[in-house]
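Have a look at these structures, which come just after this line.
The following pair of complexes shares a single chain, subunit A, combined with subunit B in the former and subunit C in the latter.
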Partner chain A sequence: MLQGLLSGLAAGGTFAALGLLLTAMYRLTATVNLAVAAIGVAGVYVMAALTESGLPYGVAAAAGVAAGALLSAGCGAVMVRWFAAGDAQTRTAVSIAQLIGIIALAYILFGDTPRVLPNPASGAAAELAGVVITWATPALLALAALLGGGTHLLLTRTPLGLRLRAMAERPVTTELLGIGTRRPAVVLWAATGGLAALVLLLVAPVRSSDILSLSMLIVPACAAALVGGLTRLSGALLGGLALGLLEGVLAGSAALREYRDAVPFAAILLILMWTRRREVWDAAR
Partner chain B sequence: MTGSRALVVLSLAALLLAATGCGLADEPAASQGPGDTIKVGAVSSLSGPVTFPDSSAAAKAVFDRVNEQGGIGGRRIEYLVADDKGDPAAAAQAARDVVTNQGAVALAGSASLLDCAVNAPFYAQAGIVSIQGTGVDPTCFESPAISPVNTGPYLNMAINLYYASEVLEHDKVCLFLAILGNTSDAYGGAVRSWTALTGKRLTLDDRTVKPDSDPTPFVLRARNAGCQAVLYNGTEPMAIAWMKVVKQQKVTGVDWLMTTAPYTEAVARALGADGEGTYANAEFEPFTDAGSAALKDWRELMTARKVPLTSFGQGGYLAATYLVETLRGIQGPITREAVTRAFKTLKPVRHPLVGTPYEFGPAAKHRSNRAGKIVQLRGGRWEVVTPEWVRYPGTLD
Partner chain C sequence: MRPADRLVRAGLAAAGALLLYGVAATLPAYWVFLATSAVVSGVLLQSLGVVAGRAGLVSLCQAAFAAIGAWTTAQLNVWAVPGGLWVWLPLAGLAAVPLGVLVGLPALRLRGVHLAIVTLGFAATVDVVLATSSFPGVAQGLTVGRPAGLAAERQYFLFCCGVFALVAVALAVVGRTRLGISWRVLRESERATAAAGTGVPGAKLSAFAVSAFVAGLSGALLAGQLAMVVSRNFDPGQSLTAYAVAVMAGAHHAEGALLGGALGVLISELLRRFEIPQQWANVVFAVGALQAFTQGSGLSDALRARLRRLPLRRLPLPRPSETPSTAPSSPDQAPLPPPQPATALQVSGLGVRFGQVTALHQVTLTVPGGTVHGLVGPNGAGKSSLVDAITGFVPCTGTVFLSGTDLTTAPAHRRARAGLRRTFQQDRVPTTLTVEEYLRFTARRHLTHEDLAEALHDLVDLPPTHRIEELDTGTRRLLEVAGALLARPVLAVLDEPAAGLGQAETERLGAWLNTAPARFGAAVLLIEHDLDLVRATCERVTVLDFGTVLAEGPPAEVFATPEVLRAYLGEEVTA
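After this line comes the complex of A and B, so read on.
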């Protein structure tokens, strides 16, 4: 049991960090950015291409993060330029198109040959109950905590956060009031892209590193974000962790193992039903 | 009124088509003079999420060489490779185009995840044979019209089981499988066959690994169960992740056996020192063995024609070679009927790249490649562990 929990800790950190990115982006840009993991994957592959050409890992990783930021800024620019007045559904649909586009482009550019992916945090940080915890796990957890804390501060303590929220919730009113938010919004997109690349750089070396598998980390990340209703940062953090730990425990249970991959979907379904319960019940009355 | 008339016309047209036999099995060009080309087809995944371009590229290299040397009885081979895009609808369309519209006399060197599953009944109906370069899905090994040159994942797994328990003499053999599509029964058949052959049972049989799973819980489970040998059917990136986690979790004293899929130069490079000791099963004479005399012709041809040196390329080369040899032996005009008859009466063909003779014949299913050579990662390179073929003595049902 303890071993199962510990073996799911790294996955939990990953889901939490990506779930937090989703939540932060939803609150600040009113977009469920389903392409966020794929943007990180693009960063990983840029890093891999550069290390293969002989650059040291540090430089290549920095370039990977920059590539993630740039790509995300591009996606953000499209969103801000043409879909600023669109509702959340429209913008989410656009992000699905961006997700498919990025995956297709990545396959064309990088192919499906496995890459050499150096692991920056492969050293053992601790060994508990027979499970080796590498530095990647505390790094991911710290990244998740920082993301959560940082976003909270940005939202509640800074004028920029306030503007971005206004832009997300009432885009037309905000523009009519003369508050220019396009540039900070694109910068925000760039930052989340860079962070996504950072998360994926830690995760990709010990997961199946093909473009599609890594991009689909967005599914458990969505489940994590939904635990917080896409708005509560603490919910996304705890939700992500819980999902990862649950997966780890279920992998060790003979009876439930087969249903392990259904956990994120079941979680998404249950949360949606729970959050919609009032609407349905009220309508019934 | 117009609607119902249109309906009548349509159904009449359908009736006419059926009556004249303009269906799928017809061969358009019945008379072929010596000046015509011999059309050979292939349905391969050339685009989409998983691609196998090397097999048809290698087959093309063989056909090009034959053409440069004067063709078959003065007739050139025209090789028509259709892309199934990894999509069942596109696969069905591609097969009908190559077989019905273009009038291919046979198919050779196809490599696809779904060509067999989608098109096997059509090939049987059209009276055409497919010398599959790489058969993956179980249907490839269960059709009267298809005989793959490769071992396939299931026999590959059976050979690995046999090698782990009988050659490495491990008592605790564990199996981890990622099940894609309808492959679970076929793998189950391999396990049953191995149990019937050796009287041994698996210590662990876990078929719940998914391509995007974190391998950590599975690797720990194998260690906790005391597995001495662990067999895994992961693809290249999955096998890389698996072995990296093995290293990360400091699991030692276990033999890790993979199927053919991760036996590539890219995996050796990506794993580096983390992969030390990993076994894989080569379906053909191991292509990384630079000194192998059996590989000489293949290696020279592929290098000259700039086809990557991979296991898939060996499959395409073999399929094309078997077809060319059979075409040369045909007396009279080379038509689809003649080629099919030649393969249905084919005597087993030996080739130094494979451990067991290639067979077609009238059988309802074909699984002639029943041997493998075990290779192991040592110092970042694949080394041949078994210079002799490991032939599987049992049969799969």
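After this line comes the complex of A and C, so read on.
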């Protein structure tokens, strides 16, 4: 049990970090960016390609983060150029198209043979109850905490956060007020892309190196974000951690191991159905 | 449909069948296999056309439904159930239906982005389960056999075409029924669906169930085509791609689904010929879907719009205004509306709370049968909350009786069916319908062209074949009012019908409303800020302020009482 919990910490940090990115993007750009994990995966593969060509890991990783940022900025540019006035459902559907495109491009550029990814944080940080905890775990947890705190400050304390929130809720009104929101929005997309790449750099070496299954990390990330109703950062953080721990515990059970990806999803579905049981109608009035 | 149209359609169908037969007989075997793939994925796209295209519910798990169909087929094959694919195919479709309903259940409360996430999660879950427990027969190397008559690739191709055509025809027929129209109304507004007397849960679940059935068919067809399927054929990536292709091609029309399937096969074959990685196909679909999103419609809609603009066989449509003979010059010949009850609506002790805020408190309201009753009050007085409470869109305390029947606990669509209709302040008239489709859908009774012309002729001048998306907001508003009364309800609650109308239109609406009780046998509760319209139409009026009834009586008396002047008109009482 304790072993399961400890081994689930890294996954918890991953889900929480990606869930926080989703929550921040939903509040600031009114998009559930289903491509956010895939963007991170693209960054990881750029890193892998560069290390294989002989570059030192640090440089390659920085290039991977930059590639994630650039790719995400491209997605964001499409979003603000053509779908600035679209509703959340349309923008999310657009991100589905982007997800498909990114996965396909990643397969084209990097092939579909799994590769060995260099792990920057493979060293043991501690050993508890017979479980070796690598540096990736505290790094992911710290990253999640930083993301949560940073986003909270951006949203509540900065004029930029205020502008972006206004843009997410009423894009046209905000533009009419003379507030240029396109450039900050693209910069925000770039930042989330870079951060997603950072998260994936830490988690990809220990999880899997298949492009599709890494991109599907978006499912538990969405589940984490949904615990916070896509709007509360604390909910996304705690939801992500809880999901990771649950996954760790289930992985320790022989009977449930194969279905560990399915069980948290079912739990989330029940939570969602309960919290939104009064949402009988599509529009408030 | 006109006989000429029917003849054209029959001819087209016959020509299509002949063409298919020719294709099957002459094409090389490899191309027949590819064409079969195109048709099978066309069936899958049709399933998306139902749930996403028509009902507007994002579903990212269609490949999972198809997987259920394929799994069932493989299992029936292992059991050697007699009848072969002829029997297995419908069974496979049916097996997917419970899953469809299961995914539809969350959709009763989750919409848009939430539903997208849940369906994607469902696809991932089914993928995990399928990957761990392989398809029946795969471990023993048992392939899905085809019965005699379908064994050859060419025969199987024609069989798949037949299934595609059957699905297309069935969906086209359903599309014209109440059920099919309710999906399209649902896409625009759940509230409008319920207000027309159609239950939202039924509409959503039926869309998912039908969609899962069709997707299950495509899975079974794929199992029959490939003889052995594995979980990779149905991974979440397939679901996502199918969604993108459905959006790009416009899969809610059969030709769109076929086009999407054909494009998929064609692009992948071209890539293979030029030795370009297969994944470029998905890039094309992603860009195509983005393009469709910017246009707001897919290829099939664009094609249909272009065809409509062609000057082919455009017969002049009979306009109701040009055929005065159908107008009710002799009202006594029209079928008599049902007798009117003495009391249409009786509301007592009604209260609505939103958290700590009391929106309505102890409201009592009586609307006599066959009259137009006004309900006025300043903004925030609780008028719209009262409408929502009476018509069942907001939970409330107190009682609501409609001509003596207790409707207090009935859901909104049952109240609408019982004869309690409403219109909305917001524009909720579904834009994808024609005027005639919309009026038939809301009326819930058989309407002749004369009925339509009679209801509309002195309100709005509209040919019944006109598409609602081409109408301006004011016309839509009048159309909504006409639809509510054409249902011949006991009571029609009209929520600010004159908002946004011009002076002339408002006057026309007033005159029309004055005759409405006699023509449709309905009482009217008119919520309105335009006091001239209220004076011109209402026998009695109720004034609401801060959630309570301030005054009630004939307009002339009520508008002269000092409390009303103070509260509503903001005038200081000097006396």
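In the analysis below, the second predicted complex is superposed on the first by the 270 of 285 C-alpha atoms of A that agree within 3 Å, B and C clash if a C-alpha of one lies under 4 Å from a C-alpha of the other, contacts with A are read in each partner's own complex, and residues count from 1 in each chain.
Just so it is clear, contacts are C-beta pairs under 8 Å (C-beta built on N, C-alpha and C of every residue); 3 or more make two chains touch, one makes a residue touch a chain.
Keep in mind that what you see is a predicted model, and the values were worked out from it rather than measured.
**Student:** Kindly say whether there is room for both subunit B and subunit C on subunit A in the superposition, answering fit or clash.
**Tutor:** The answer is clash.
**Student:** In the overlaid three-chain picture, which partner chain does A:Val132 touch, first (subunit B) or second (subunit C), both, or neither?
**Tutor:** In the superposition, A:Val132 contacts subunit B only.
**Student:** Go through the superposed model and pick first if A:Glu258 touches only subunit B, second if only subunit C, both, or neither.
**Tutor:** Touch partners of A:Glu258: subunit B and subunit C.
**Student:** Check the residue A:Met216 against both partner chains and state whether it touches subunit B (first), subunit C (second), both, or neither.
**Tutor:** both
**Student:** Contacts for A:Leu269 in the overlay, against subunit B (first) and subunit C (second): which applies, first, second, both or neither?
**Tutor:** The second partner, subunit C, only.
**Student:** Does subunit B (first) or subunit C (second) touch A:Arg115, or do both, or does neither?
**Tutor:** So A:Arg115 only meets subunit B here.
**Student:** Per the overlay, which chain contacts more subunit A residues, subunit B or subunit C?
**Tutor:** Looking at subunit B versus subunit C, the one contacting more residues of subunit A is C.
**Student:** A:Thr90 contacts which: subunit B (first), subunit C (second), both, neither?
**Tutor:** In the superposed model, A:Thr90 contacts subunit C only, not subunit B.
**Student:** Mind working out whether A:Gln98 is in touch with subunit B, subunit C, both or neither, as first, second, both or neither?
**Tutor:** A:Gln98 sits against subunit C, while subunit B stays out of touch.
**Student:** In the superposed arrangement, which partner chain does A:Trp82 touch: subunit B (first), subunit C (second), both, or neither?
**Tutor:** Second partner only, subunit C.
**Student:** Would you find which stretch of subunit C runs into subunit B in the superposed arrangement, from 76-84, 220-228, 310-318 or 382-390?
**Tutor:** 220-228
**Student:** Considering each complex separately, which residues of subunit A are in contact with subunit B in the first and with subunit C in the second?
**Tutor:** Residues common to the subunit A contacts of subunit C and of subunit B are 107, 212, 216, 258, 261, listed in rising order.
**Student:** Could you please specify the touching residues of subunit A with respect to subunit B in the complex?
**Tutor:** 3-4, 7-8, 10-11, 107, 112-117, 119, 122, 124, 130-132, 134, 205-210, 212-214, 216-217, 247-248, 251-252, 257-258, 260-261
**Student:** Going by the contact rule set out above, which residues of subunit C touch subunit A in the complex?
**Tutor:** Going by the criterion above, the answer is residues 58, 60, 106, 109-114, 116-118, 120-122, 124-125, 128-129, 132, 189-191, 235-237, 240-241, 243-244, 247, 277, 279-283, 285-287, 289-290, 293-294, 384, 388, 393, 426.
**Student:** Can you list the residues on subunit B that touch subunit A in the complex?
**Tutor:** Touch list, subunit B to subunit A: 49-51, 206, 208, 210-218, 220-221, 223-224, 234-238, 240-241, 244-245, 248-250, 264, 266-267, 269-270, 272.
**Student:** Would you mind writing out the residues of subunit A in touch with subunit C in their complex?
**Tutor:** Contact set of subunit A toward subunit C: 26, 32, 34, 78, 82-83, 86-90, 92-94, 96-101, 103-105, 107-108, 212, 216, 218-219, 222-223, 226, 230, 258-259, 261-262, 265-266, 268-269, 272-273, 276-277, 279-283, 285.
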